[in-house]
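Here come two complexes built around subunit A, the first alongside subunit B, the second alongside subunit C.
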Partner chain A sequence: MTTEERLWEWVRTHLAHVLGVPPESIAYQRALSSYGLDSVDAVLMAGELEEAFGIEIDPARFIDCDSFEDIVKTLAADIDKSGPHVAIS
Partner chain B sequence: MAKVASRSWFEAAKEFHPVHCHYVVPENRQRIEAVFLLPPAQQTIANMLMPRNLLRVGASAWRQIESARRNGERIRVISGMRDPVARSISLIVFMADFHGHVSRPLSPHVEMSPEYIVGALQENWRSVLERDEPRQTFEWLLWYLTNGFRIWFTEELGAVFEVDVLEGECNARAGAQRVSASGAEILLYRVEDMLPSASGYAGLLAQASSFLETPVTAFPNINSSATRRSRALSEEVRRQFWLPDDMLDAIYAEPAVRHFYTRDETVAFKKRWRARLDRVE
Partner chain C sequence: MTLLERDPLSGLCPANRYGIYCELRERSPVYWSTVHSSWVLTRYADVSAVLRHPNALALDGAQFVESLSQRGKLNLASVAQLWSSISFFTRPPRHDAVRRILAQALGGIWRLNLPDLLKQRADRLLSEGEREGSIDLASGYGKLLALFVIGAALGVPEEDLLELSGVAGGMVSAFERILPSLRSLVKLDKSAAPLLDYFSRLIQLRRRSGADDGASLLVRLADQQLGCSDRELAGYCTFFFVAAEETTSAAISGAAHLILQRPALRAQLSGDLSLVPQAAREMLRLVSPVQYVWRQVGEDLRLEGQLIRAGEPLMLVLGAANRDPGVFRNPNDVDLERKGPESLVFAAGPYRCIGAQVAAFEVEVAMRALLAKPRIQLAPQPPVSSERMNIAPLLQLPAYFV
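Up next, the complex of A and B:
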């Protein structure tokens, strides 16, 4: 499993739990807001994501992302390049 | 310092890749970090993302300032002041949303009531004015950030750039105050002047354009609280909040407040936040 796939699997499972829907119904190209979630949900998820993957996430960037794909690809690229504990800003 | 407005400034200045930071001085960051290392029983912040980010961004800003100084690069700083009571309401709702409290109803996981938030914020202000540091992390960080209006210009901005920004004159009609400091140029503004209806608005736009050397015709309307689910709650807290006269007198007598606001303006602030029966909305 690639880093991007692991991240997306985590995000999708997390969101499915929060929304009470099947993971398969969460689309990679859609944004958090399209599921009725706001910046508070984004920051809550980013906090758990940081701890799960040992990475550093800039909350503003996470909130402003256009889609899950956008943020997952960026995080994955940085993890693969520098390993965990890199700043993304 | 000015949470809501700073996103607008960030957007206005984004071609210069600004750093949006709060606490930069190593001793202040160490103090915050020490609190986050308190025993688990004192840890009341549910989501540590924002606190961790506060420290990371501060450390990054400090490294950038040191690097710029070594390389003789230009440093420009934009910093603002806002009515401390209005700011504290934004702050507690922001912290309840994004930090969350592990046991009190100050968390996005529970229904928050305006009455409870009003009481919690009154309790916080009492601790701030009595300089009585709370022992638990959520309460301590709220206390520390609220207290920022009193010390930020001296213990952060002044300490980093070796300048007493409260020494010069702040001409509200001019829209902003320019200060030259050790290797840096500083623009000081009042958040209230960012509203198009404010008397200082045109002056502030002119000062911003001059300072950033790029036309600033409006401040981007970036207010993340407007799209949050807590918006109505925040407005209700703002409507209900009040403080006793002695506490308002103490807040608005602080040197930093008196530097930025005229006597008439502080009187108006006090009228707004006094006990509800006779207050001016």
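Up next, the complex of A and C:
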């Protein structure tokens, strides 16, 4: 699995849990706000993602991106650049 | 809205901010920042209009932390307590009540013979430096004077001040971004808890044996008319402490830096101390200890041709507005003849800084004391500034006596 795939898998599972819907129903091309989620959700998700992947994420990025794809791709690039010390399990 | 390739605010720091502000003011006075998830306003007229807009509200930080705690099942009780005591994080009608309490408590400071006490302290710090041959005008002057005043105002024993300052240090980082990270909130909660505990103990002490200080006054106000708990009072004290220390410290050391860099101005002020209040206003305008604040407006708004929807966050860059050449001619100069509108150093409108008068007074006293020491000069080592974007006081401003 690529870093991008792992990240997206995590984000999708997390959101499915928050929204109480099956993960398959969360679309890569859509944005957080289109699921009715707000800045509180963004801060919580960014916080958990930081824990899971050992990275720093500005929660505002989830609010401002047009799609999950945008942010997941950027984060994946950051993680890949920062090297093997990043714990991805 | 401009589609800037890279958000100009992404690398903002005290060293480069005025160049960035200048470009934004000229080219993109209203733009959507991806870094801050807000509209960014840099012109005086726009910033002032939003601050004074009858429908402008502060971000509801207290509500935000409460929702975060509930939905995330987190214990952020101390941040929640502190946030609900912060006047610029609350909305009407609570805002009016919080503001009234804080203003009354702060007003009590003038009973303390503050002018003399502060002057004596400023003279003493500088004279000690003179004996030693050097002084750090940031950590050993601006910061200590700011702490002295807030300590005296609240009735904190002097021997506790530096330790409290150590705990509170860095708490203003929470005002860097519109959305704090979870990690920073958890850290903030860890700092807020001992401060709230400390001020709770102080209030209990004053309840048993009152004194002539801010904490005793708060207790009396609470009992007579406010109807708030001791824990709430501790929240107000903590807010005062955190809000006053780094901002006033930034103002005093920033002013000291500006004076010592300008020998002609220094000579002029030393020759005529009646110019000090106007000089202090100019210093405050140039330093702008709080560089930006956020607001939301309850209705659609059009600024510089850009439509801003109701509720969208606006980042008002006070530091940029205060150097807008359209309002302040030769904005980077200290101009003792300057007329025209007041700077926005303390913001404006319903959320204007409650401590404005006290802070301006502190800067004046600190300047007068400094002017009385003609042998003091800036050391060759450059000053060291905090790397924060918003409230970023000088950390070191080495000076020596010739």
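The rule we apply is simple: the second predicted complex is superposed on the first by the 83 of 89 C-alpha atoms of A that agree within 3 Å, B and C clash if a C-alpha of one lies under 4 Å from a C-alpha of the other, contacts with A are read in each partner's own complex, and residues count from 1 in each chain.
By our rule, a residue touches a chain if its C-beta (ideal position, glycine included) is under 8 Å from a C-beta of that chain, and two chains touch if they have at least 3 such contacts.
Quantities reported herein were computed from a predicted structural model and do not represent experimental measurements.
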Considering only touches as defined above, state whether A:S39 meets subunit B (first), subunit C (second), both or neither.
both
Would you sort A:D66 into first (subunit B), second (subunit C), both or neither based on which partner it touches?
neither
Subunit A contact set shared between subunit B and subunit C covers 39-41, 43-44, 46-47, 50, 56-60, 63
Residue ranges of subunit A in contact with subunit B within the complex:
38-41, 43-44, 46-47, 50, 56-60, 63, 87, 89
Within the complex, which stretch of subunit C touches subunit A?
34-37, 64, 67-68, 71-72, 177-183, 185
In their shared complex, subunit C is touched by residues of subunit A numbered 39-44, 46-48, 50, 56-61, 63-64
Contact residues on subunit B for subunit A in the complex?
20, 47-50, 52-53, 56-57, 60, 97-98, 100, 108, 224, 227-230
